[in-house]
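Across the two complexes that follow, subunit A remains constant while its partner is subunit B and subsequently subunit C.
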Partner chain A sequence: MQRLYGAWDEMIRKKLSDKNSLLSLGDRFRIYILFGVIFLFMSLFAPRFFNTYNLTTILRTVSMNVTIALGFTIVMICGEMDLSIGRTATFAAVIALTLQKHLGYGLSIPIAVLAGALVGLFNGVLVAKVKINSFIVTIGTMTILQGATYTITGGNSVSLSGDTVFAISDFLAKPILPMLPPRVILTILFVIMFHLFVSNSQWGRNFYMVGGNRTTAWLAGINTDRVTITAFVLSSTMAAVGGILFAMESSAATLNMGDNSLMYVVSATIIGGTAMSGGKGGILKSVIAVLSLEMLYTGTILFGFGNEVKIFISGLILALVVLYEAYASYKHEKTIGQRAELLDELAQMAARPKV
Partner chain B sequence: MNVAQKVDTRALRTNRFSKVLSTVGIYAIAALFLLLGILLQSMGLINNFMTSQNLLNIVDAVSLLGIVAVGMAFITYSGHYADLSAPTTIALTGIVSVELLRYGFISAMVGAFVVGLLIGVINGVVIGKFKANPIIWTLAMSYVTMGIIRFIWVNKQIYPDIITDDVRAVMLFDNIYRFRLFNVLSLPLIFMLLLVVAGQFILKRTPFGAQLKITGSAKRTAKFSGINVELMVTLAFVISAFTTTVAGLAITSLSRVGAYYNGAGYDFRAVTAIVIGGMTLAGGRGSIIGVLGGTLVIGLMNNIMTLLGVGTFSQDIIRGAIFIMVVGINAKTLRSMGRDDT
Partner chain C sequence: MRKQVTFVLLAMVMLCIGGLLFAQGGKASGPSAGDPAANLEASLKVDSSVLKAADGQQLLRLSKELSKVPARPANPSALPESNPLHWYDMEYAGWNVKKSNIPVSPKDGAIGKRVVMIVHGDHPWTTACTNGAKKVADAYSIDLKILSPNWDLAVQNQMIDQSINERPDMILLIPLDATTAIQQARRINQSGIPFIFFNTLPTAEAMNYAITWTGPDDFGQMRKLAKVFADEMRARNPGAKELGIAYVQHAPGGSPYFARSYGPLSELAGYAPEVVTLDMQAPGFEADRTMQLVSDWLTRFGPRLKGIFAADDSAQALGIIEALKKAGRTDIVVVAAGNSKIGMDMVSDGSLFAITYQTAEGDGALAVQTAADWFNGTELPNRRDLPQHMITKSDVADFYPPQW
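Moving on to the complex of A and B:
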């Protein structure tokens, strides 16, 4: 029995190490498979799922979290953590809308994006130069941003009124191409840009190198500090952009609008296959994972379940993925350095009759 | 040439310094805040700071946070950052205890501890044995427990006196927070002090504490020297779950309602207390006495800011800035001593 299990294990391992075997492909493309399965299942069984209106709504709802996930994935690839993304989104949105009353969107949006970038610079410098754990730094930033947001608004949500404002939000929300409102098109452009940047440029490769092994990256002549700071700046900037676009479309910014995004984006990025330890993952995978989660949520609501099932399912999926990854690396660690064929030979030798 | 002259004394010096830094240091900061309070009072900017009632209020206000932080410190000490499922554990144990109050006070307590410790064991096994990332796993766990709470109780808030007619049980439950020994010491405060003493003893005076220290500071070394690392980590998470359950009961007793939002924010606040108290996230360094100091500093800081009339929102900014500053100074000191904290 033990040997049978060993042989089975060995087969799996061989298949996984062979890049073209079905199993290995399944492991690498699991998020696309998950996406396909969820999409098919919901289209077939969920009532009122597969129609233009619903799909457009999903795309619109998801675009804020997709935008935030773009930058966050880069931070994760670098092997760091940014817990301040949700609050940065709220902070930037509040700044953009508050200043809009005095300066108009033309000036308020650049200022808000710049504020987001500064938050990222602050995080990045503290992580890279002062060498504080990124988890701790961003918890601190989170608290500071919360206070700053409430101080700016006095504890109320910001909402705008006026014809021009509503014209802009209508323009952002109404599809100009089938299923694609300008806001979604903008998000898709961001996705393409970030995907090309991360997977096809030298800078993109640097993120992977720093996340994979910081010392090796440094020895290879990469300015690791600068790469880390860039990652944090990109993360906060994209979080700000996501928050601002969301607020522009709804002409309002509530003070907890970004709070759900943190857990959402973190789960999606991990489910998408970006490792917490860094050096692994990709922009497209995170985007697909965010989409899959959103479809799942919409589906559960269409089935008539409430918010509680949504929370439960998202927790369960995250838990399962983490457990699977942890178990896989646990198995790997157990079998590392072991040579199954040697054990087999030993067993054969033992079974051979003594001369 | 005399060999004895070339003996490297750096290790000795750094040891003493880091000891001073990790235990007395935080109390020096607490004393500074106390002095600041006295100074502000003598300048007439705040009133009623140095009264026994106010000082008691300060420790009362942070006793619940202290209970959570003492347990979570074991996780930090073992090198696993924090338990982000603490808030939902507080909510779940509280709601379970209120629900079980209909079967009597004892069964409510037992039920809460069973649920709380179960979460701790699951966390511990998955993180200790399968080496899942602690932050992500406890995050997922908090989702799952929140889902369970929302699934069973939807968005209901349940009240002890509506659940059961047993007046005695309700009174006992209410008194978890409200009972005061000699009309001075509240029960959570006593719990906190007991837990601090017990925690400090376990961490510094028992084999378990020593093994946890090695586990936290050098996992591989611990493994190769025959320490059951998986068990150590699991126990750390169980200890954290235990104190979190105690806090959960006290918080639910305080608010007299079992609801999903009880305990929100206790994860990050506990981490703040632990890190300010001189326990480093890399693990294996710091003490429970230090964590108590960190908790007291937070209490003093909040009290002074409130007496000064600083708004709740601005307090957040100041708190976050001080948090980052303390951690930054800590990291820098350790690095200059050649003990890199990354």
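Moving on to the complex of A and C:
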């Protein structure tokens, strides 16, 4: 039995190490496969899933979390965690809408985005320079932002009304191309920009280097502190942008509007294949994971299931992915430093009859 | 890298082609009844007045006290918060509105209609509320679909969009937030689907886009509760020149937050001027946090604290009573909004002086009944309020078993 398991284990290892094998491709592109399976299943079976209105709704709904996930993925690639993204989104949205009454969107939006960036700078400096664990730092920031938001609003939601505000809101929400309202188009542009930045620039590669091995990155001449701070600034800035766009479309900001984004984005980023230990992951994979989760949620609603089923399914997927990651990491640790061809030779030698 | 980009492009192309080829969402309409006249006749014969709530009370009851709507002040927010008219736009939201693009009733009966009910979140109250809604829906053979966003605004917005996509005959909505309801209302209104707000009052502007609103007159209830509260404090502290009270508030943002603290505050300013507000805090709906808050008040205000007005008669009330027990303060009058089992048990044992009769089942039932009335062609008022009643030890037994 043990020999059988050993043979199976060995076959999996070989297939995974062969980059062109189906298993290896499936492993690397699993989020795209998941996306395709969910999309096909829902299109075939979920009532009223496959139509422009619903697909537009899905794209509009994911816009905020996709925008937030862009920066958050970079932080995770760097091997850090940013738990303040949801509160940053709320904080920036509240600032944008509160100031809009006095300054108009022209000034209120840049100020709110800047406020978001400053939150990231604060997080980044504490993590990179003061060497405090990012988990602790961002929990602290999360609480500070909650207090600040309540102080600014006096505990009330912020809402805007009037023809101009509603016109902007309608403009952001109504498609100008098939299925693509301006808010979705903006989100797609952000995705392209971030994907190119992370995949094709020296800065982008530095995130992977720092996340993969900070000491090696430092020895290679990378300013690891600056890279970490940049990651946090990008994360908070994009969280702020996501929150502001959502609030502009709703013409209102509630005090808990970003709360659920935290778990959503963290789950999607992990499901998308970004390693919590850092050094691995990708922008597109996170985006596709957010989209997949949203399709799953929409499908559960269209099937008539409650919110609890949606939470259960997303938890289940997350648990399976984490379990798989743990298994893959264990296998990787086990074979680290081993060369497959030498292991094969050893196995052949062992199999030869002794003279 | 190329493979990744190809995958993504393929996915996007699939989405686009799918959307374009099967673009029928948002255009189809719900199933129509076979013979509208016969359906209307059968629908009008349905007698929902015989339905009972779990507490044995009649399920569907309307407030007999029609609100006397005063003239709106030029600028209500310029008035002090202790002036009842400061809250005019919230308290009388829905009465003086200019309705916009409201669909006309098909007058073809409620039987067989598809109705989507979007609530605020999962809670025992919500379960009771939807139970009541189902009872009326069953009576009219209405296909009722219930959606819960679990207090997430983004999810509620998405559910609204998906409901529009499904083209039901009616949407019933509990707005998560009074102010964000404007855009939600506009969106449904623009889709042409008739809809009714229920339970939570949105701002006056949002009411322009809804057929009507049904639910408890929270401000009215709280004003009544405030009077009962003041009377009891006066009885326990005869001749007192100052009666210090504190408010345990509802979650900020929604209409109960304002109605359950500023409703009584502005009522007491006129009815019992000797009542002084010492503090107002919103500790959430956890008993331990409320207990901590009240313990702090007891230390801070000592014997000056004569009464506590709570926004919730379950977890918050539990925390309050626990803190008072620990401090040995039996002199403090506690009243709370709500009608839960916990609240009723505490009224029975005397630890809570009064709670409000807030039928959760009746709330959901009234929303569906109002939808049915609209399908039947009944002329609807701008608001339909649930009846008001204060439950004290003298009549709490009439409301057992509790609805939630």
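Basically, the second predicted complex is superposed on the first by the 330 of 355 C-alpha atoms of A that agree within 3 Å, B and C clash if a C-alpha of one lies under 4 Å from a C-alpha of the other, contacts with A are read in each partner's own complex, and residues count from 1 in each chain.
Heads up, the rule we're going with is that a contact is a pair of C-beta atoms (placed from the backbone, for glycine too) under 8 Å apart; a residue touches a chain by one contact, two chains touch by 3 or more.
Owing to the predicted nature of the structure, the values given are computational and were not obtained by experimental measurement.
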item	value
Touching partner for A:M81 - first (subunit B), second (subunit C), both, neither	first
Touched partner set for A:V322, first subunit B, second subunit C, both or neither	first
Which superposed partner A:G306 touches (first subunit B, second subunit C, both, neither)	both
First, second, both or neither for A:A347, with subunit B first and subunit C second	neither
Partner chain(s) touched by A:G155 [first = subunit B, second = subunit C, both, neither]	both
Subunit C versus subunit B, contacts on subunit A by residue	C
Touching partner for A:L255 - first (subunit B), second (subunit C), both, neither	second
Which of subunit B and subunit C A:T143 touches, first, second, both or neither	first
Which superposed partner A:V130 touches (first subunit B, second subunit C, both, neither)	first
Partner chain in contact with A:M64 - subunit B first, subunit C second, else both or neither	second
Subunit C-contacting residues of subunit A that also contact subunit B	150, 155, 306-308, 311
Contacting residues of subunit A [partner subunit C, same complex]	29, 32, 35-36, 39, 43, 47-48, 50-57, 59-61, 64, 150, 155-159, 161, 166, 169, 173, 178-179, 199, 246, 249-252, 254-257, 259-261, 282, 284-285, 287-288, 291, 297-298, 301-302, 304, 306-308, 311
Of subunit C, residues touching subunit A in the complex	1, 3-5, 7-8, 11, 14-16, 18-20, 22-26, 122, 145-155, 157-159, 161-162, 164-166, 176-180, 182-183, 186-187, 203, 205, 252-253, 257, 282
Subunit B-facing residues of subunit A, complex	81, 126, 130-133, 135-137, 139-148, 150-151, 155, 263, 266-267, 270, 276-277, 306-309, 311-316, 318-319, 322-323, 325-327, 329-330, 333
Subunit A-touching residues of subunit B, taken from the complex the two chains share	81, 126, 129-133, 135-137, 139-148, 150-151, 154-155, 268, 271-272, 275, 281-282, 311-321, 323-324, 327-328, 331-332, 335, 340-342
